[in-house]
Amino acid sequence: TTKDDAKDDAKKEAAGAKANPDAPLKKGLKLAFLPKQINNPYEQIVDKAGIAASKEFDATAKEVGPSDAKASSQVSYINTLIQQKQNAILIAANDPNAVCGPLKTAMKQDIKVVAYDSDTAKDCRQLFINQASSEEIGRSQVQRIAKQVDYKGQIAILSATQNATNQNTWIKYMKDELKDPKYKDMKLVKVAYGDDDDQKSFQETQGLLKAYPKLKGIISPTTVGVAAAARYISSSSYQGKVVLNGLGTPNQMRKFIKDGTVEEFSLWDPKKLGYLGAYAAAALASGQITGAQGEKFKAGELGEYTVGKDGEVILGPPTVFNKKNIDDFDF
Amino acid sequence: MSKYLRWDTAVGILLIAVFLTGSGTTEGFADTGNLSSALNDTAEIALIALPMTLLVVAGQVDLSVASMLGLSSALAGSLWDAGWTFEMIVPVCLLVGVLGGLLNGWLVTRIGLPPLAVTIGTLTLYRGLASVVLGDKAVADFPEAYGKWAASTETVPGTFIPYPIALFIVLAVIAAVLLHSTGFGRSLYAIGAQEDAAHFAGIRVKRIKLALFAVSGLVASFAGIVYTLRYGSARADNGLGLELTVIASVLLGGVDFNGGKGTLGGAVAGVLLIGMLNNVLTLNDISGEIQVIVTGLLLITSVLTPRVVAVLSERRHRRAAAVS
Amino acid sequence: MTRSPVLAVRGLSKSFGAVRALTDVTLELHAGEAHALAGENGAGKSTLIKTLAGVHRPDAGAVRLDGEAADFGGPADARDAGIAVIYQEPTLFPDLSIAENIFMGRQPRRTLRRIDRTAVHDATAALMRRLGVPLDPERPARGLSIADQQIVEIAKALSFDARVLIMDEPTAALTGSETARLFSVVETLRAEGAAVLFISHRLEEIFRLCSKVTTLRDGRWIATDDVAGLTEDALVRRMVGRDLDELYPKQQATLGEVALSVRRLTREGVFRDVSFDVRRGEIVALAGLVGAGRSEVVQAVFGVDRADAGEVHVGGTKLRAASPTAAMDAGVALVPEDRRQRGLVMELSIERNIGLTGLGSLGSGGLIKRALERGRASDWATRLQLKYGKLSDSVEVLSGGNQQKVVLAKWLATEPTVLIVDEPTRGIDVGTKAEVHRLLSSLAAEGLAVLMVSSDLPEVLGMADRVLVMHEGRLAAEIPRAEATEESVMTAATGRNGKEAA
Amino acid sequence: MSMTTQDSRPAVPQADTSARSLVDTVFRARELSIGGALVLLILCTWLANSSFLDDQGIKDLLLNSSILVLLAVGQSVVVITRNIDLSVGSVVGLTAFACGDFAKNSGHSAFTVCLLGIGIGVACGLISGLLVSFGRVPALVVTLGMLYVLQGFGYWWASGDQINAATLPDGVLNLGSGSVLGIPYLPLLSAAALAATAYYLRTYRGGRELYAIGSNPEAARLAGIPIRRRVLAAYAFSGAIAGFAGALWLSRFGTVVADAANGWELTVVSAVVVGGVAITGGTGSVWGAALGALLLTTIGSALVVLKVSSFWQQAITGVLLLAAITTDRIVQQRTTSALRKRSRA
């Protein structure tokens, strides 16, 4: 069998049951959050917010997860969640495909699957709660840094791991955006990988600046990377000479905004992501929606959301943090 | 303990105890579906543990296994992406595994480097090659027809045993016979306990070591294919860090890291014990970090208990001797 | 005598698990006295010494020092009490220099408790001079020959200025001249008032050095006699419990065709251009001073070491170089010199050790039959009169001499046509030694070719049909049995006949 | 007095003196070959990109390697005794988080924080050490167990919390980024620990006894060396160093989650092995181990500066690692055989 034969294997699933938009949220639902890794600080915030939100509609929610960010470890957790007959699984996938098999098994047993933060393959979940449109994140990163470097000079990207799906999607849109003639004087010289490891990201930043002395800007669309890069730049002679932008949490970046190392960065509110995820899962499990495009559901105080193409629900545009507003946030 | 109960037997008993307690107290544990998937989750570890046991008995160790698994997976992915047939990919991956194992063995036997040092080096190298081969791509469109051979939902008819585990059982029996009832097995114990003496007894120490490393590479690359099919995903970082889990399982089963001691049954019991225990704990919503602690404590207990028992029986003996 | 003994034990018992190594043993050591400890292999001599040195704790009975009960918690306590011990097996740190080996844990110190390296070096150099050996104090102990290792051990013991000097077979690996020098040093110490406890299986040494001898048999005290009134036969009777047969029972054998032929064998820096033949039925001894390269030659013949040049033929066919397996297939067996490292796998059981040389022949289809393995082991254990508890005990717990028998058994079981033995009777008691000699002799009579490396001159002269003498890596002389005397062999070994041989 | 000692020297025979200088070379060669490789690597990288060795570049190199050097020093003390400590990565993670938790939103000084780190490290080291020395159980198994236990404990305690630079007192952060005379504090501290350890190992009985234990434990027992106490001390020391490294980690990176240094155990062991400390104990020096650590970090930095593709970096690191230990081994073998031939010539 080769790749080409295999494509025919893909089966078309019959459209699921009808959605009933007026169905009330069921009581006593069991929701489970499965983060990439149990001690991922960012996802902890998401999950805790989601668990808190579940109380609003009398569901019991829990967070379980592996102590390492490996796809294989998530699989055994999914299997046990199926055994435990949860009503919905919310997962931030370490590998979009590796978790597919068991997730499909879950869906067959009428367990709803919602991906958040990091998507799985499209046919392995009903919904993907996207923090923001991937395309918008990717393009806006380039647009913002371009303004900061005045549409001139070399830039680089400091990503997480080589295989991080969300990162790679964003980077794809960044490269696409850069094709626009208005960026003709800008050049993306390198994509470096900090593996979402503080030390590695730190060292990669150093290396970038050494290898490309004319570097004008770095985009780091990962919270670990951007913080590490900021820390390196702030303590080096590059401070003020190199622009850093990316996705980071206000608490991590406050110091560098204040000392001028970083002018601005962006992120969505992870608490809202968790909140929305919980409501979306509940809506699915109660039959309000099925994950088809165009369906609408209410997410508590966040208001109404519409399911987009491929089952995507978009939280909203990211917040841009800078000197003026950073003290209004604490996460 | 040494006299009445060996540690590897104790691990076996512990395994049964966990199984019984799990069935009694934990809903969903004794479910065949759960057992199939829990077993299947240990497939790669179990497979790699077999040659690892032989290596450790012979006083060697191979830390590069997880990287070789990743390399094999990455290679399978990139060849599949390039339009190769699966029937061609598998032999190529296995060949690479053997070559990688031979490199380890060559460095150990020819250059005379300690295996720990060599395989820490190749651990980095093979993982690096995996990333060279596949880069940041993830290949996932493997055919269902093959995937099902590795899935936990497909079992040997009439049982709850998935195919990778069935294969593991066959290989484990072969390995057990090899280790415990053949001259080759005897040589391994001799090499592990005292290499010089084995050499002087005309045992082909270098050749045997080379063969062991080659087999270890072969099985690791095979485990890479199982992994790829089972998760339907070929990535350069597949199986990252698995080497320590494999070694922990083998050591838990009472195989002596210094070589010359241990049984294959013990090692297999060690693998299954960690797998079953984690499954029970997960079903009881005990989170990952506690499972890690439990694994660590088990490992420490595994070496401490025989010691304590030995010291106690020594005391008893001395008292008896003094009285008589 | 009214003086109380420096070191004494009374009613000492010690057992290891089910093995009773010592039962109710009594021993008194006086200042200025050289006291011998005699007994067969496994009689408990080493165990007694280790108990005196604080390595083992006695089950019953107490060690008394100057009449006071001394409770040694460990070797350090005994050392601090002035007891120096040379153990049967060398206990060196291979990675450290000779000087460090000697002074480990007791290095002279300078200000701030720092080690005074110069003092350590100089003291070691002085010790080496006293022993008359040209060993560099800074040389690492790794790679020292067994004899040199033993010398370092002796230097270590001497460096204590101990009141009690205990030596467990210190001369087993030494040749005559080194032994003589050791004895003169010990004699001086004794004259200065030290008490000496000495173990050796060479009875003549006991008669030369000691004034008293205590005999042990099966872990029990048998007798303590003045050496003066004792004959060798009487001592042997005390040890063995019966009269002993002839010591070197050389049988006359008819020589057959050449079984082993070594041609121009060379290993750079170790030996060069070594050629000789061994015929069926013949016992050829390879003699020489310690470090002459004999062990290295036989190891190269057997293929465990790689030779740089030269060939080995067995039964007319050339052996593949550097392959012990090929040598074994051709019918060669090598009983190596260092039994603990090379002869035996210490952790494995007696039966597994004996089985190790016959893994291919212990069953069918690659599988091993336990019964065959056990049968092979018990046959040979009986033939060599091995003293053991169970065949499944690890060889670690056997006494030195019995370990040597296991090595012999393991190789004789391969039914070789060429048997190479390197110091076959080192550390073996007189009874067993005669046994081994009778065995070698009858094997030769059955047509086996025997090549024997030995530093024991009486053994060489008593057993060999032909003596090859090595000097500094070359064959210095070939002496037929009729002409072999202590003088002729020593002359060649010390290189004094260099011109004649050339 | 010195006259007499001088006099006694020439008695050492001629042949052995030349052998001795050769022996010296063997021992020095181990550090020399790694040092040579390091210099070569730095030189090549510098030729390709001169900014590699500008002020900032040197500072970065030193800073990057200082924690690994420190850990390698602690690890080699344990490895010399024929043991191993796989739990270092977990200890660093645990202490870094614990120190951060202790220091955040407080006015604690860097000194107090380091003391706390060392204290926690010693406690962890003592547990491993007690198990290894008094329990007489294999070090690799016990410390692998400790790796899991401490890691799990750290994760459980942190439960996803993170220490942020913004909440840490300036004194602590200053330790990580500040410098004296242009040299950052971190490498200075590592160098001090290195030099002190090396001096102790060479010139104190306790230090030499560690080598003796690693070289032949049975002989060490017969020589009356307090093995258990020494091994325990080695583990406590390694733990202390790891704890100190944890505190430094916090001060350098500011942002810490409990998995700091996760997986570093193998990196540290490779540094030690590359540095010529035999995994079988008894030989090697902390200088070598430190050079090994320096070499490993420099390879990492150099590859980035040389614009080697990210995908190739790890593979090349692996090749260089293997090349380093292979060369070292071959040089060593050559010298030994030369020594053998010389001694007989």
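A, B, C and D are the chain letters, set down in written order, and residue numbers restart from 1 in every chain.
As a working rule, a residue touches a chain if its C-beta (ideal position, glycine included) is under 8 Å from a C-beta of that chain, and two chains touch if they have at least 3 such contacts.
What you see is a predicted model, and the numbers here were worked out from it, not measured in a lab.
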item	value
Other chains in touch with both chain B and chain D	A, C
A-B compared against A-D, more contacting pairs	A-B
Distance between the centres, which are taken as Cα means, of chain B and chain A, whole angstrom	35
Distance between the centres, which are taken as Cα means, of chain D and chain A, whole angstrom	38
Centre-of-Cα separation between chain D and chain C, whole angstrom	42
Chain C residues counted as touching two or more neighbouring chains	none
Where chain B touches two or more other chains at once, by residue number	131, 135-136, 241, 287-289, 291-292
Set of chain A residues in contact with two or more other chains	38-39, 67, 162, 193
Those chain pairs that satisfy the touch definition	A-B, A-D, B-C, B-D, C-D
Partner chain D, residues of chain C touching it in the complex	53, 55, 74-80, 85, 87, 91-96, 100, 104-105, 107, 109, 113-115, 117-119, 122, 125-126, 128-129, 134-140, 143, 268-270, 472-473
Residue ranges of chain A touching chain B (in the complex, touch as defined)	1-7, 9, 38-39, 62-68, 70-73, 75-77, 79-80, 82-85, 95-102, 105, 121, 161-163, 165, 168, 193
Chain C partner contacts - residues on chain D that touch it in the complex	5, 8-9, 11-13, 15-17, 19-20, 23-24, 203-205, 208-209, 211-212, 214-216, 218-226, 278, 282-283, 337, 340-345
Parts of chain A lying in touch with chain D, wherever the complex brings them together	38-41, 43-44, 67, 162, 190-193, 198-199, 202-204, 206-208, 210-211, 213, 224, 227-228, 231, 235-238, 251-252, 254-255
Chain D residues touching chain A - in the complex, by the definition given at the top	49, 51-52, 55-57, 60, 64, 151-152, 155, 158-162, 164-167, 177, 253-261, 300-301, 303-307, 310-311
